[in-house]
Amino acid sequence: MKIGILVNEGPYNHQASDTALNFCKAALAKGHTIWRVFFYYDGVLNAAPRAEPPTDDRNLFKQWGELAEKHGVDLVVCVAAGLRRGIREGDTAPGFRISGLGQLIEAGIQCDRLVTFGD
Amino acid sequence: MLHTVNKSPFEKNALESCLSHAVEGASILLIEDGVYAALGGTSTAARMAEAAKRFKVFVLGPDLAARGMDAGRLVEGVGIVDYEGFVDLVAEHPTSQAWL
Amino acid sequence: MDEMESGVVKKFMFVNRKAPYGTIYALEVLEMVLISAAFDQDVHLAFVDDGVFQLKKGQDTKALGQKNFSPTYRALDGYDIEKLYVEAESMAERGLTPADLLVPVEVLSRAEMGALMNEMDVVLTA
Amino acid sequence: MLHTVNKSPFEKNALESCLSHAVEGASILLIEDGVYAALGGTSTAARMAEAAKRFKVFVLGPDLAARGMDAGRLVEGVGIVDYEGFVDLVAEHPTSQAWL
Amino acid sequence: MDEMESGVVKKFMFVNRKAPYGTIYALEVLEMVLISAAFDQDVHLAFVDDGVFQLKKGQDTKALGQKNFSPTYRALDGYDIEKLYVEAESMAERGLTPADLLVPVEVLSRAEMGALMNEMDVVLTA
Amino acid sequence: MKIGILVNEGPYNHQASDTALNFCKAALAKGHTIWRVFFYYDGVLNAAPRAEPPTDDRNLFKQWGELAEKHGVDLVVCVAAGLRRGIREGDTAPGFRISGLGQLIEAGIQCDRLVTFGD
């Protein structure tokens, strides 16, 4: 099944990013396709390029990047929401790309399911 | 329809709003701080026990365990799923709606 | 864009449950709604719980320094987004009547709103 | 003590928690989405009217105006202040406590 | 640091009203509390509303991938932070008893908690 | 009067940053001193150096910077909370500096008042 994901909140402050990651890993393990993950609102902060979480804690930025690298998951950050919060084209954590909100609507149209994680 | 609720029923109105909009027979999955709504012996337990008769109610096990709660504390009629079960619920229902 | 020519028309619903200005969700949902207009989908906007406050007439944000985005709701029909639904119980609990609102809307009971939500293909919330 | 509340009483328990902890005679300032608690004719108006007898209750005018509400809609006994009035309230009370 | 020798001792209270893991507040408040120990102030921790869940025994975050920070509450007395207050009504509403908690605490009624809050010089909340 | 401020949330997503700014401006206009503004939790994101809000909206990053420049307000970003979220020493918006949580406790001790803005 083709699944799209919407992440509304930044990493660490809310659990949304963790839950979305765990959901994506489980869906991939079951043979589903994560067709796209769209990051909106404070969700764009998951693509922050210079974060350095404590070494004894999980690194969510890296985990998203691995999802893109190993499973070819398309990680799309909203350009407008990103500019408001300092996340810009050419300066994101590895694995993310910047594009417009249309990519979220497209995911809604193309995917069999769209699941939202937020606050 | 699969409804997800991630807020504590003691703090926010998300669960109440979900319960009053969900159609008879819908599935409701409690995740993150939403899992507290599944506990028995609380001021909201009666509301959940009644809801569990009208809806299929599930709670995300990893979120329950993180918060130090186990199956023995749940209101009757609430099932436990893991992340794979969450994925199955999404696959079984044509649409998901998040109550944030 | 491919999807604009795909011929697939789904029922989308944007569910507004938050008040404006205290958080950005109302504004950024509106940006999402405007973009969705380009995709020829069957778009529905629902205003429930504190979301009904988004449509209150007479918003004046000058002293706040924030942008007043409420006039945008009036511009939605220019984008062919005309299916706005407001919940009666949510308004009543908050002391609002349809006369308080910026735009003409269809008022639904909570039960009707739940039934409408249940018909959707894609539900987006914030 | 000056208590500030910035949450809608329809959405979160912040106001209720504040009211049940504040000591008789305390001041309460409603800001941001908290201003909705000051409106008359709502499901929470009676609670606020009663609170306004035990506490000094204020609402931040700029937040009220942004949300399209005016003085005529307020519960009796609630005063309006601007940002300068907010500063004065902070100065008048040795301690501020935010209910978030 | 100057302030460590200033001789000023204020009554600080850290008020915990949020559940752990769903948001980061519980963890980052705890980091604040640990730092405050270096300043020789009169530090109080209050657990009210969903904040009482922070002290629940048996937290197991392995399947979540998050760090279980609850053992830190047990380490607080090593920092001479010993004034932990939990609200009776908040526990009762949530089906908890003192036996459910990780650490020994002083249980206060809501009225007593309000009175204690009222005595503070600095109240920090999240 | 010496007033300290704690900002718990990032700009735009929550009103906390706006309200704190409006409060600070009013306090300064009345002759009070804003002794320090401490940014914690997602509040550290107010120091994001590469943000570019829409031109028809307010620029909160710039407004904080002006407060530091014109009134000498000490804007302190928590180092640990910042690292978790990608805000680092030497790479903040103008006017902010990075330091430890002790600076918040110090503000609590030194200031006549401490006011918190959050979510």
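Letters A, B, C, D, E and F name the chains as they come in the text, with residue numbers starting at 1 for each one.
We adopt the following convention: contacts are C-beta pairs under 8 Å (C-beta built on N, C-alpha and C of every residue); 3 or more make two chains touch, one makes a residue touch a chain.
Every value quoted in this text rests on a predicted model; they were computed, and no experiment measured them.
Each step here moves to a touching chain, and the least such steps from chain A to chain D number 2. Averaging Cα atoms per chain gives one point for each, and the point farthest from that of chain A is the centre of D. By number of C-beta pairs in contact, C-D leads over the other of A-C and C-D. Greatest Cα centroid separation from chain B: this falls to F.
One simple way to say how far apart two chains are is to compare their mean CA positions; for chain B and chain E this gives 28 Å. With centres taken as mean Cα positions, chain F sits 24 Å from chain D.
In chain A, 8, 12-13, 15, 22, 41, 57, 80, 114, 116, 118-119 are the positions where the chain touches two or more neighbouring chains simultaneously. For chain D, residues that reach two or more other chains under the stated contact definition are 6, 10-11, 13, 32-33, 62-63, 82-83, 94-96, 98, 100. Shared interface positions of chain C, i.e. residues touching 2 or more other chains, are given as 21-24, 49, 64, 66, 121-122, 125-126.
Pairwise chain contacts present here: A-B, A-C, A-E, A-F, B-C, B-D, B-E, C-D, C-F, D-E, D-F, E-F [touch as defined]. Interface of chain A with chain E (complex): residues 12-15, 18, 21-22, 56-58, 119. Interface of chain E with chain B (complex): residues 18-23, 49-50, 53, 56-64, 66, 68, 70, 92-95, 100.
For chain D in complex with chain B, the touching residues are 10-13.
Those residues of chain F that touch chain D in the complex are listed here as 1, 3, 8, 15-16, 19, 22-23, 25-27, 29-30, 32, 113-119. Taken in their complex, chain C has these residues touching chain A: 1-3, 6, 8, 10, 12, 24-25, 28, 31-32, 35-36, 38-39, 41, 121-122, 124-126.
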